[in-house]
Amino acid sequence: MERSTDKAVTHVLNNHKGGKQLQTVWDRYEAQQPQCGFGELGVCCRHCMQGPCRIDPFGEGPDRGICGATADTIVARGLARAIAGGTASHSGHALHMAHVFKKTLEGKAPDYAIKDEAKLKAVATRIGIEVEGRPVKEIALELADKALSEFGDNDKALIWAATTVPLGRIEVCAELGIVPTSIDCTVAEVMHRTTYGVDADPINILLGALKCAVADYTACHLATDLSDILFGTPQPVVSKANLGVLREEAINIALHGHNPLLSDIIAQVASEPELIAEAKKVGAVEGLNVVGICCTGNEVLMRHGIPLATSSVSQEVAIMTGVLDAMVVDYQCIMPAVATVAECFHTKVITTMPIAKMPGAEHVAFNEENAVESARAIVRQGIERFKFRNPDKVCIPQESSTAIAGFSAEAIIGALSKVNAEDPLKPLIDNIVSGNIRGICLFAGCNTVKVPQDHNYVEMVKKLLAENVLILATGCASSTYARHGFMTSEATKKYAGEGLAAVLTAIGEAAGLEAPLPPVLHMGSCVDNPRAVDVAAAVANKLGVDMSQLPVVASAPEAVTEKAVAIGTWAVVGGFPTHLGVVPPVLGSKLVTETLTATLKDLLGGYFIVEPDPAKAADALLAVIDERRAGLGLS
Amino acid sequence: MEVIYVRADRCVGCKTCEIECRIAHAEEKTLFAAVSQARPPKRRLFVEQGETGKAPVICRHCEEAPCIVDCISGSIYRDEQGFVRRKKERCMGCWSCIMACPFGVVVRDADAHIAVKCDHCPDLDTPACVAGCPTKALQLVDVDTLPRERRKELLLKKEV
Amino acid sequence: MKYLIIGGSIAATTALNVLRANRTDAEIQVVADEAVPFYYRALIPFLLDKSRRVDEILFTEQPTDDERVQFYHDRCIGVNPKKKVIGLASGGTLPYDKLLLAAGSSSLTPDIAGVDSKGVFTLRNMEEALKVREHLKRCENAVVVGGALAGIKMAEALQRTGVQVTVIEQLPHILPFIADTETADRMTKQLRQGGMEIHTDDSAEEILATDGKTTGVRLASGKSVPADLVLLMVGVQPNIEFLADSGIDIDQAVLTDREMRTSVPDIYAAGDMVQFHDAVIDKDVVSALWGNAVHMGRTAGFNMSGIQAYVPPLLSSLNSTEIAELPIISAGLLHTQSGQYAVYTEAQGDNYRKLIFEQDRLVGMIFLGDVSKAGVYTNLIRNRIPLGNRRAALVREVMTVIR
């Protein structure tokens, strides 16, 4: 099977100088074949020590586990735990953010500050904090406490969820009993109800899982809001994406992981003249070149225009260029293999977080209370490695694409307000009504080793753009479209259907760009998916309908992580038909499969569409968009 | 004569058969003893990813067994039940059987310096891989009924 | 039906067992110049170093235990197809209805001065092995003339008994029929590390002796190597002299069809004394490979029993062994570098693999070290399977294993 459709990645895989024994994610995937079908179907259970148990999917062997759990129960429990895992990750990310926010306000983290007062006030107002006439710090402290209380034991619905979705959604969730009152308690509840001998009703377990997904949404939204307050709300910025951004004559430091608490500070110190001088002194005549990988790469791309090197599945490939002096990581999606691949080169892998260390890497603890000094120390580690670089092992591909990023909800509304300052949403709604914009699709999720990298994304987006579907992208989806040149004005001319191209051109010109907006809007990292919900909620509220009626769909065509499962699930709860291009481990239960792909449609409006073939998936999404348009009386 | 019959469409690739095979050829016949054995027991069948799906690849106990033809030391022989087996004490580690087997299911035990192959578990009522297969992808089938079984499967496929 | 088999090695015994299994009415006579019981020739090195006793290298089932089988320890000196009798060295004759020629091959003795000295041996059968073993008791230095597979296996056995061994090979590399230069170099290095001396590109000119007792070998290069034992392992030739007046068609060896029938009715042939066509190298060849002898013996046995059978495709190069603790399996073409072929090699540590393709057919291979699944590929060579567009995938599959 082809490994990647990214020419830069393919070039390095074919020409790297790391030696034949170097193994990448694709080699390890091959070595894992065949993978266990019980796991693939979700019918194995290791939740107790009487197990492991598994159900014969062919119906000849056991049809229940030792405790009596059927395939339906086992699959539902497994899915619920995956969602809990994803939610725990986003909770960790958001809580980390909230802690540092509080420390900042208390003066304990002097290198952070409130960078976006307008966002602070907007969020405060939204969650019911009195803003008028109060000092910023006071508002912020109250906001910090409200944020922290989202993780604890409460008796009220989570504020960050309840204040960001249309009323209709809240009613639907209340009716189903899936309104969470705490982020972390909900994760704990899923772990509790899926442990030995608690919840055996597959539907009840799935409802618990849906509730947990709402908690995940809450954590994501909270994290995004706090990031914007501390580091600024993204605005359109032009940069470059793909491995061609690495430079032979510079110290190349890759920021990999998720949280901007680390990466934003490193992005800041990387422009300090002293550090650049130190880099030049060791022989890197072009100074420091900080690049991004995975979602923290998206964070610094949007806020600092820092180029994006590659996405998560190809993280090892960045090292294999032979010019990466350091890879600085925080948490999530960092393959332990990077430390092994780095052994074939001079690259130093630096872990920074107490909960995320790996054998073979150097741990340099990142201290938020002394963030800038910590960041400088980390950058210096990269500078030190330059002299160990082996010129014979250099393999930098040519490819890099221009990419316009930074389309936060605020930035999109801002651009629209250039068309209609009184009523910014009107041009968007008018064009949806007229059919110039047939619908909106949010692409989210990861890159998987199970399909040639980016293949599903690219094939689907070409088809959808030609059919006038406006594309929003986050996480590794946005990285994919940035690397493949879909985030440029030229891409609008090349790929967008007539109606969509006209709209993007009109907005681009009104906004003073003298060129169309890109047809794929980079909305941020994977934790930033709620930004897309904010836009959809605004449109729904304006139209007086629920989100489940909008011609808006979501797709995770190359999903990998538990986080992606959680996000996909809350997208469904949000009322969006959500496509998965990789079959999740649920097919061992007909009941669960049918619930996810059909029954939920009646309950929530949103549901899962599982389709590995990208062409068929695009057709399915178009059909859903048309169905929704018809429901709204649009042709 | 009963032989092991592979129904590839039933294989989910869990490799339980490989584990059961190792246990059956371990010093103590338990999983935990097998994994902690100083020289872990070798497996005699291999779950592989083929072009059309997953399937265990296993000794066919061929009628004109190439491994018997090429064995130059009299180690590989056909037992009274008709299964192709290997006499440990006769094996000199020349690997001619590995050279001969077109299915690649004779392997080298480098520690013991002998060739290792499926012996159809002569001490068990049912070979360990068959007994362990959770989806009945491995079955014991009487040779005389095999054609009928095959015919039945083909018919089923045609109906679909 | 009177069956007569000339020969006592694997081709003969395989045919004998097929006859026994398929013809209850058979009267079978076997004439061989080695005494029974039958034994496995490949185990002779273990007899030499005493790691196995004589009874441990014998066939576990002796076909002569069958009362239908009559064994003569004798040598056939001629075949008369008109009278359907053979002549014996002991003077008598034996009649047959169907005759199998499976007399095998015997050691070549090189034309070197001093080969008659005491302590010089050829070594191919049990009798010779026991003689060498007896002589070994008084030895410190041994020279093996000939660095092909048989020579190296004997050299290793001698070394295991504690004597200093020197191998003389006239070609630039040892093991020319099972290894390419890369593999041979690795083997040579490994053997030398184990204390064996190896002289390639050199040959024995004279065996030096004092009072008729071997003391050393003088080489073409001028060097002298001390030796109180010399093994001559320079190759074998098919035993076909006795057929000179038989009227049976012979080229380099006996010619047969695919049913192992010679040009004369009711006379079949099998084993080392048969010439066959190697489809991979497209040449008529004679080989002394065990597997080929089994296939030919089987085929002859069936056809002599009245059951039609054809010999499968045979290769003149198909070997598996272990030398200096390195397993090696090779088949087909080994050395070619010519543009007509695509050659792939991969080396990693002790492992080395080479694949040679002619268009979409695998025509040669060497697996050194990790020999896993070699049979899958030797069978692609033997059966000349066209790979179509699977060639690249096959190379990847083979090479990834040792990466």
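Per-chain numbering from 1; labels A, B and C assigned in written order.
As a working rule, contacts are C-beta pairs under 8 Å (C-beta built on N, C-alpha and C of every residue); 3 or more make two chains touch, one makes a residue touch a chain.
This one's a predicted model, so the numbers in the text were calculated from it and none came from an experiment.
Of all chains present, the one whose mean CA position sits nearest the global mean of protein CA atoms is B.
Should one ask which of A-C and A-B has more C-beta pairs in contact, the pair is A-B.
Separating the centre of chain B from that of chain C, both taken as means of CA atoms, is a distance of 31 Å.
Note on chain placement: the centre of chain A and the centre of chain C lie 67 Å apart, centres being C-alpha means.
Averaged C-alpha coordinates put the centre of chain A at 46 Å from the centre of chain B.
Put simply, chain B touches chain A in their complex at residues 10-15, 47-49, 54, 134-136. By the touch criterion given at the top, residues 64, 66, 69-70, 72-74, 77, 87, 89-90, 92-104, 106-108 of chain B touch chain C in their complex. Contact residues of chain A toward chain C in the complex are 20-21, 27, 30. Of all residues in chain C, only 346, 348, 400, 403 touch chain A in the complex they form.
Within the complex formed with chain B, the chain A residues making contact are 33-41, 54, 56-58, 60-62.
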